[in-house]
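Every chain is named by a letter (A, B and C) in the order it is written, and numbering of its residues begins at 1.
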Amino acid sequence: MIFGIPMVALMGQLLVGLINGSFYALLSLGLAVIFGLLRVINFAHGAQYMVGAFAALLLLKMGGVGYWWAVILAPVIVGLLSAVVERTMLRRLYDLDPLYGLLFTFGLALTVEGIFRYYFGASGQPYSPPKELAGAVNLGFMFLPIYRGWVVIASLVVCLAVWFLIEKTKLGAYLRAATENPILVQSFGVNVPLLLTGTYALGAGLAAFAGVLAAPVYQVSPLMGSNLIIIVFAVVVVGGMGSIMGAIVTGYLLGIAEGLTKVFYPEASNIVIFVIMAVVLILRPAGLFGKEA
Amino acid sequence: MSAKSESHAAPAEPTLPQAATIRAAALVAILAFLMVAPFLFYPIFLMKLLCFALFASAFNLLLGYTGFLSFGHAAFFGGAAYVSAHAVKEWGVTPEVGILLGVAFAAALGLVMGLIAIRRTGIYFAMITLALSQMFFFFCLQAPFTHGEDGLQGVPRGHLFGVIDLSSQTNMYFFVLAVFLLGVGIVWRFVNSPFGMILKSIRENEARAVSLGYSVAGYKLGAFVMSAALAGLAGGTKALVFQFATLTDVAWQMSGEVILMTLLGGIGTLIGPVVGAGLVVTLQNYLATSDFPVTIITGVVFMVCVLLFRRGLIGEFYASRLGRRLGFRPER
Amino acid sequence: MTTTALLSVEGLHGWYGESHVLHGVDLQVNEGETICILGRNGMGKTTTLRAIMGILKRREGTIRFAGQSMIGLPLHRSARAGLGFVPEERGIFSSLSVEENLMLPPKVAEGGMSVAEIYDLFPNLAERRNSQGTKLSGGEQQMLAMARILRTGARCLLLDEPTEGLAPVIIQRIGEVLAELKKRGMTVVLVEQNFRFAARVADRFYLMDHGRMTAEFPVAQLPDRMEMLNRELGV
């Protein structure tokens, strides 16, 4: 017993918190990457997450394509579709006030969710985890469902891979430089417009990947993205969008905070992240890892 | 916000000598129409229109004139709706008191949210207002007095000032019209006041305003609270019109709707939000009976407006030759 | 006279938005030459470089580089053709180290300097290679801005006010670098206000006024033109 809470319950909620945190980390990472280079707040991120989950579902139902393929195909599909959106529509807004980008992606989110809601209704559909990840393992102090453990590990690996890509590779150097001065980078001969499209596709792909991971955990529903995205916004404000690692760490931290709140003060668990956001804004407006004052 | 790609000055167009007269005549004609409208159209529909037109005007006060995009105005609109509904139903106050209580609540909520949100600008401000209003949504979801998913039903209209029976649709309509005119009048007065001028200068060049000694944060907060209070006025009135208050009023979709109304009608114009609200409410009414998904249409209209139509209907009109001939100058 | 010029600009007009800034600029640069564009502030010197490069979006006229027409090419393709641009603000990236800054521009052709050669030419860059790019002094940043273009194999360097704001010792150093580049056959188009510096490094001069070239003369004629230049530039 810890603070009057049985160990099993505490560990159980911590695990839930860690899983939620995995999704918060993946999604806020995607948002941060897109915002960093494109200066656009991608409201459609939740919709891309949802479409990723649906892609996995539909691949299985209509094509008999299983989870392991879906994990790769869904992000690619969503990434390509998003690249088309960026090329044809989103890039016209780069010279304008960034709020227009927010409004455009908001409209995109509404449209995509509306379409899926129209065809699939509002209720959730189940998606089974692959049999390789089914079942649970006994850790002594709790039972750990294998799939949930996979979610945490997979998201961590992907987050770190993206971090490595951006901080340690040549491509990442182009991205970081283009974030500071896109015209200059273009004057070196780097095809920055293509870089922008690729970055948006990468962010969308990350969201879709999160969606596939989420499908067995949360059920696949057209509404799964929209409430999540608002929480992710709060996560991003808490973290500040200055650093990639900051976005990842904040995601996991806030997920765990949410999990802990559920144990000790369940009524507040819905809003604890918002409360933390308010506190951070008062004490340190730039966010925990933010750069601007 | 500014549509930078349209920043070149419109060629000078001579104002028609009769321009002022035409504008005044148009205003009189609109007012006259509003007076007889309840006898031509379904009053509840008109009242809904007026409430949302006021809501959009309140929102535009913040976005169009201060440049702040709030994604959380539903909290003020819906929050006031709940408070007014509760006050009239449970405490038995007269309608005007109920609405005033709603306004007071919205202003207070605006103060609290504003103090937190003003610390960042631009996109961050938008995201913060969204998150804070979502927090308020969850609070409303769980608080007992809102009755959660059912909402507050059966709110009596009561007697205005204890005398005028508002259950008569005609009486209620003229009351709502008066509230609307009052609200829009306040917006107009505010925008043209010294306070409004300073806000405009802050939007154009904040650094210079600071160097001139203005407490920029104070002015921004003042505008935010004013906008919240007027949104509350719209929400409280709406609760009495429909005689219920629900979670829909505080949901983020409602915040999105008011943004759409303002964008469609014309950010930074006085009647733009009114026109936008009119269009959106009419469209929703029309689509409600059909099978057509409203969300998809809303989303598409949003995207089209942002890509092609940023000045909105009234904004485009003001910038057109006819508009300039009639003496209208676009905000920017 | 010349055979075919490496860079040939004829009747170049340019606009910033609605503002018509370049009114028919003519410029010819032969391979291996160092050209200097002189002129007072605001006459269009920087704009000319940006128009040649393709950073200025709205331009009309003829720009030919190495036999290829540059008008109509997007910015990154101009660079790939062999044009290298070093802006006035230098543009060193704060999120990259000195070495990352140096290695950033991709190779556009063979014949660029190797990293070893660059560190030979700019020893203080070698010392600071792992520092954050913006921690360097102004002069070192200018060296870095030039060095990274030299790596790419660009055939023609467009330098915008390289000596601006720098101490005389550094200016001397930059002059030495330009002399070294000249030995290697690099073509340079220089925009400079520092007349004394320009007089030491340039082969030919253009004088620019209100968006067009008003004079052109080789360095040999410089003494004869001094009075005119005094008048125009106030040197």
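Basically, a contact is a pair of C-beta atoms (placed from the backbone, for glycine too) under 8 Å apart; a residue touches a chain by one contact, two chains touch by 3 or more.
Nothing here was measured: the structure is a model prediction, and the numbers come from that model.
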{"item": "Farthest chain relative to chain B (centres taken as mean CA coordinates)", "value": "C"}
{"item": "Pair of chains whose C-beta contact count is the highest in the structure", "value": "A-B"}
{"item": "Most central chain, Cα average position", "value": "A"}
{"item": "Averaged-CA centre spacing for the pair chain B and chain A, given as whole angstrom", "value": "33"}
{"item": "Distance from chain C to chain B - Cα centre to Cα centre, in angstrom", "value": "54"}
{"item": "Length of the line joining the C-alpha centres of chain A and chain C, rounded to whole Å", "value": "44"}
{"item": "Where chain A touches two or more other chains at once, by residue number", "value": "none"}
{"item": "Of all residues in chain B, those that touch chain A in their complex", "value": "1-5, 69, 116-117, 119-120, 122-124, 126-128, 130-132, 134-135, 138-139, 141-142, 252, 256, 259, 263, 293-303, 305-307, 310"}
{"item": "Residues on chain C engaged by chain A in the complex (per definition of touch)", "value": "53-55, 74-80, 85, 87, 91, 93-96, 100, 103-106, 108, 148-149, 152"}
{"item": "Chain C-facing residues of chain A, complex", "value": "170, 173-174, 176-177, 179-181, 183-193"}
{"item": "Chain A residues touching chain B - in the complex, by the definition given at the top", "value": "41, 89, 92-93, 95-100, 102-104, 106-115, 117-118, 226, 230-231, 233-234, 236-237, 267, 270-271, 274-275, 277-278, 281-282, 285"}
